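Presented sequentially are two complexes of chain A, the first with chain B as partner and the second with chain C.
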Partner chain A sequence: MIPQSFQYEAPATLAKALSLLQQYGDAKILSGGHSLIPMLKLRLATPEHIIDISGIKGLSYIKEQGGYLKIGALTKESDLEESRTIRTRYPILMDAAKMIADPSVRNLATIGGNLAHGDAANDHPAVMLALRAEIIATGPNGKRNIPVDEFFLGFFTTALQPDEILTEIHIPVKKAKTGGAYLKLERKVGDYATAGVAVQLTKDDQGHIAQIGIGLTNVSAAPMRASNAEAVLKGKSPTDELIAKAALAAARECDPNADLRGTVEYKRAMVKTLTERAVRLALKRAK
Partner chain B sequence: MFCNTSKEISGLGHGMKRKEDARFLQGKGNYIDDIKLPGMLYMDIVRSPYAYAKIVNIDASKALAIPGVLAVITGRDLEKYKLHWMPTLMSDTQMVLPTDTVMYYAQEVCVVIATERYIAADGVAAVEVEYEPMKAVVDPFKALEKSAPVLRPDKGKTDNHIWHWEAGDRAATDKAFEKADVVVKEQMYIPRIHVASIETCGCVADFQPVGGQLTLYMTTQAPHAIRTVLALVAGHVGLSEERIRVISPDIGGGFGGKVPVYPGYVCAVAASVLIGKPVKWIEDRMENLQADSFARDYHITCELAATKEGRIQALRFKTIADHGYADAQAAPSKFPAGLFSICTGSYDFNTAFTEMDAVYTNKAPGGVAYRCSFRVTEAVHAIERMVDRLALEVGKDPAKLRMENFIKKDQFPYKSALGWEYDSGDYHTALKKAMDTIGYNKLRKEQAEKRKRGELMGIGISSFTEIVGAGPSRQFDILGIKMFDSAEIRVHPTGKAIARFGTKSQGQGHETTYAQIIAQELGIPAAHIEVEEGDTDTAPYGLGTYASRSTPVGGAAAAMAARKLRDKARKIAAYLLEVSEEDLEWEPGKFFVKGAPEKAKTIQEIVFAAYTNHPPGMEAGFEATHYYDPPNLTFPFGSYICVVDIDKETGEIKIRRFVAIDDCGNIINPMIVQGQVHGGLTQGLAPAMYEEFIYDDDGNLLNGSFMDYLVPTAVESPHWETGHTITPSPHHPIGAKGVGESPTVGAPPAIANAIVDALSHLGVTHMDIPITPQKVWKVLKEKGVVKAV
Partner chain C sequence: MSTKKITVTVNGTSHSVEVEPRLLLVHFIRENLNLTGTHIGCDTSNCGACTVLLNGRSVKSCTVFAVQANGKNIKTIEGMAEGGALHPLQEGFKEEHGLQCGFCTPGMIMRCADLLERNPNPTEEEIRWGISGNLCRCTGYNNIVKAVQYAAKKMQEAEAVPA
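On to the complex of A and B.
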């Protein structure tokens, strides 16, 4: 439980961090450390260089601006929990932040790290899929916006280039008649999800579901969107029957592995139950 | 509650704040890892990635090339000093380090000694071990098959059977079963779990090459026993008992896991002896979980025979006990199955038979008494589950069935079918109080209504009887040393005292409760009594703290030593007051002349006189020692009731209420008792719903870290509602019984019974613990309540 030796850098600016990243080529970025440090201690990750970006100023904020909710990559989970904007306008993010690990982890762990790690077991990826967010990456040539659907490429793999740092998240600003929810089944507090379902939807004036995003946690190799489930509900009036049909579609399109958290059968059943419940809760909140 | 002293004295019954907490709460505890000695080296351990493999070669050259790595010690190195094997407490042997074969996942393979902790870890990563894996024996039932590889040919074994143990009358029991109206039977597994104390194990071994003295700072619940064991097993390399000093500093939880001697301790001692410098070894969390002694791991076939009205006639239990590759249990020598024969529980019947076969497998050795007086948890789980099973079979409310079968108050002392003499009890009152507290009848009505609506709600009872305080010397010893315990009280001239004990607190609050016992007996305020344990150079000999024995044995020794001093105080008081001893009366804190209470001497005045004006012919000073050999064990009991609601779509179980009524006899400190009960209940919740070691077919432990070994937290714990009844022990000097383990023992069957009760109308009769949401969901799917996608 003691990492291999590594060289540690703690640049004060983003520019310095980016230049170090280019210089070393194989460096790992450390922000809150709650994904990376366990891997280091188990010697599953053995980088030669670690660039600690947690001291860089100006990367921690939550603000609504220009049609987006903008969240700085170094924003801690506890900052999300305590934000009035998040609490009153983005309950899906509040749900997720409260369910991530435990308070001592949330006081250090960052939303950027949670996404950049590319782990389908993390909670924010499904939430960002539901919210149809954009991930902002900064590299030597400046910023680029990556739609979340193009961000998660595979098992622990993201669209971030080796010389890029995830710096910001853009979420479409909350519209009228919009509600969201994130439900997670876990074996005990602090656990990764047995299954998690994120739903964000907007109703039109007729009460039809005009827009819907459904993201799933820890039931696939990479974070996944439940497209078939979304298709069942999009443009429709959400009857019990349709919600059940959508939930079934989500349960069928996910691809969980059997592990200590449950069998494939159990996990699919949980995706179904959680999808039904999350859609209902999102509809309730969209009033 | 018995309480006849002033708050200033704070004898029995006062909820005084714990004297030890000031240092713990301010971060000033002194734990093993706080000990730093000049020139100290660090040890880290290379562990096996296989459950069963031949060691082909150990190449330490790359490790030894790392600057700061001083030595790599293998089993072959220890073999030169005949230190590569060590005895267990149960007359078995286990490896310190292997010479040829590794027998379980995460077994110690060799150790690296370095100048820094981090360098030692780099050394471990650099040691190259070549293994030849073999097919591991994982399932204890398959281990007994003829085709299974024999794991311990070194013990002269031709199969994997370790021992057979039985108690009771087999023939009479079989006959009772043949004649019975009703027989109920279940196959139960009490899973392999781990104590998972907050502090892992570790030591600092400090050998002085010039004088040959060894000081061993060690996380041990039994420092004196450890010193004797060291002298016995390492006498041949020059360690002699008078030159060994074992110091057990503050301990962050023991729960039985810090009774055994682990290979790491021996390696650190060997390294210090070989190198002549202090060596520190501190386990990390994964090592602690994966390699240190497990608890439980019993497969029990349980049967009860009864009349059609549900009156229990006989009990028949047959157990397969998986001990891993060595029987490294921590139990009294004559009790290979611990005190499992308490399995007839709180019930009055004459006929019982229980037998057990212990088996070797390729798993970590052990069988510690995890917050349990030697296999009592397993026994209580089996009988309390079976009583519910019987109630279901005969269609009777489980509370009513218990009431009809309980041993009655006037039957005590009660001789149980398997030979124990229960000292005292009042089971009906405890259950009635629990039922009244929780509103039992109302809950049953609610359950019936919920069932009609398809909702799942269950109520579970556990009315357990514990057996603690090992133990009487005619039966109880460890490696031949009788299981007495000791107290030494030294009162200073100003009336303040230090008391030393052979036990060792790991969080129980001895510094407070022992002081209160002495305060009760001598009238010296508890605040003026320092309690010290854990240093073999200063404390009187004792066998340590486990199996709820501190209050029944150590606490009794304190009371008896204090009474010796009170007798002396009477003599001094008579001398000072110029009256005869018979003319004096005692009230806590002073002797006074009968009929003339103004003529009195306080204990402080008397003690001062013992040093300044002692009677002619009397020894000066005010000190006493007592070695207490208990006449019997004590039998704490209680009734717990648990209410659960189940989410049938996810299988999640919510404990809505949990009422625990405990009877531990006279209470020393009600606040500490409540704390003990809260902690114990949470450690009972753990195996009931969360904890279990899971091995794959190759013997790999799949959940050897806190990511997957699920220790419940405050979030998972329900609101515990506690209460008590008081039935003093008739033979204990202060009528106390011990309480630390009752809740750990009593809680799991209450929870399991509640969950099974919630599902019983679907035809469910038993579920093995831990009962998890996925297990519940699977049952609901099988019963057609929910459907798979």
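On to the complex of A and C.
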């Protein structure tokens, strides 16, 4: 499959990339290309200009600084997998990175592209909802911080403006007694989730759940937060009964479509099971 | 039709050429350079037959544009044997019957080259996850796992012996 012709530029700096975006009306950014190129090949996307930002220096890093885990937009899934910080302190991100696509795809796919694509089938959106991340967008007038709850607006639609580039992700730095997990059911390696559940929680000194975030993958038109499930557990001691109640709430509030991956009932049942398991694993990890 | 000048090093040889931006890296390798060892299976980044090394990391060249490789190093299956001697992975596939029809083999070997570079002594499970993006319709994978174990052992022995 051959994409429609386009003009290609690979600016070396963010400033140049931003000015090219301003200059061209119909331009698409390319990072890892592993969502964009398949769409170009199917001619679902036919931009006149492609701006390859992968060569811009200084947009690939993983660092804890000023109360945040900061991840540069061009950080690849393989960088996350190989990061000691991620492995030792943010297991929810390690769980996700290892379940995304396959090792060769992960060598090119970026975390920024994964979020900017706005696809509810992608795995990072639910993880960012659970982590209550902020998305940093840089545009002609500088940077703005977008809370993740205001980022995913609908089916393949995000809060990014056409002249903005997603440059960084801010995740509140790991606190004591905090743990997270991402569980994904897939039919085979490289498949998008039949359902996925991300949980990040913090316990207080009494063992109550002081804070909790739960995000769901591929069971709604846009990536979604399981607010009802969160409300069941927040401030409570996580008994088996309450965990089951929260899982049921998540299964009820999601809105899956029937497709080759399963019926609506099956997907809701999987959300229930995965939510229970992810909450338990997160509790176990919250030392 | 506008073209772009790119310079890429493939198996140690530098090529400067004008290409259309939409030219896929796999087509550049097969059709412009006549290196047909790199195969096209699915054309949708699922099967791994088109796997090559881009700056040392395995990528699926059906989902990369040639222009994205500008200034970079590419290694294909044709670049694996050196001075007439098979690469330990090639030898492993031969000795352990890691192939039948051979269609998946070049991609499989390039993927495993990246795997062993980062993890010289992988467990069986790590090998199986490591090749999880490469499909083989013939072997049932068991002999591929053995071939990679053979290569890992041989490469480590070579490391241990001072030249």
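Here is the rule we go by: the second predicted complex is superposed on the first by the 287 of 287 C-alpha atoms of A that agree within 3 Å, B and C clash if a C-alpha of one lies under 4 Å from a C-alpha of the other, contacts with A are read in each partner's own complex, and residues count from 1 in each chain.
Going forward, a residue touches a chain if its C-beta (ideal position, glycine included) is under 8 Å from a C-beta of that chain, and two chains touch if they have at least 3 such contacts.
Computed from a predicted model, the values in this text were never measured in an experiment.
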Touched partner set for A:D52, first chain B, second chain C, both or neither: second
Touched partner set for A:S78, first chain B, second chain C, both or neither: second
Which superposed partner A:P172 touches (first chain B, second chain C, both, neither): neither
First (chain B), second (chain C), both or neither touched by A:M270: first
Touched partner set for A:V189, first chain B, second chain C, both or neither: both
Partner chain in contact with A:Q4 - chain B first, chain C second, else both or neither: both
Common interface residues of chain A - those touching chain B in one complex and chain C in the other: 1-2, 4-5, 102, 189-190
Complex contact set, residues of chain B against chain A: 117-118, 121-122, 125, 284-286, 649-650, 652, 690, 694, 702-703, 707-708, 710-713, 715-716, 772-774, 777-778, 781, 786, 788-789
Complex interface listing, chain A residues touching chain B: 1-2, 4-5, 43, 102, 185, 187-191, 194, 248, 251-252, 260-263, 265-266, 268-273
Contact footprint of chain C on chain A as seen in their complex: 1-8, 10, 30, 33-34, 37-38, 40-41, 50, 52, 54, 78, 82, 101-105, 107-108, 189-190
Chain A-facing residues of chain C, complex: 1-2, 4, 20-22, 24, 43-46, 48, 51, 54, 57-60, 63-65, 67-68, 70, 111, 114-115, 118, 129-130, 132-134
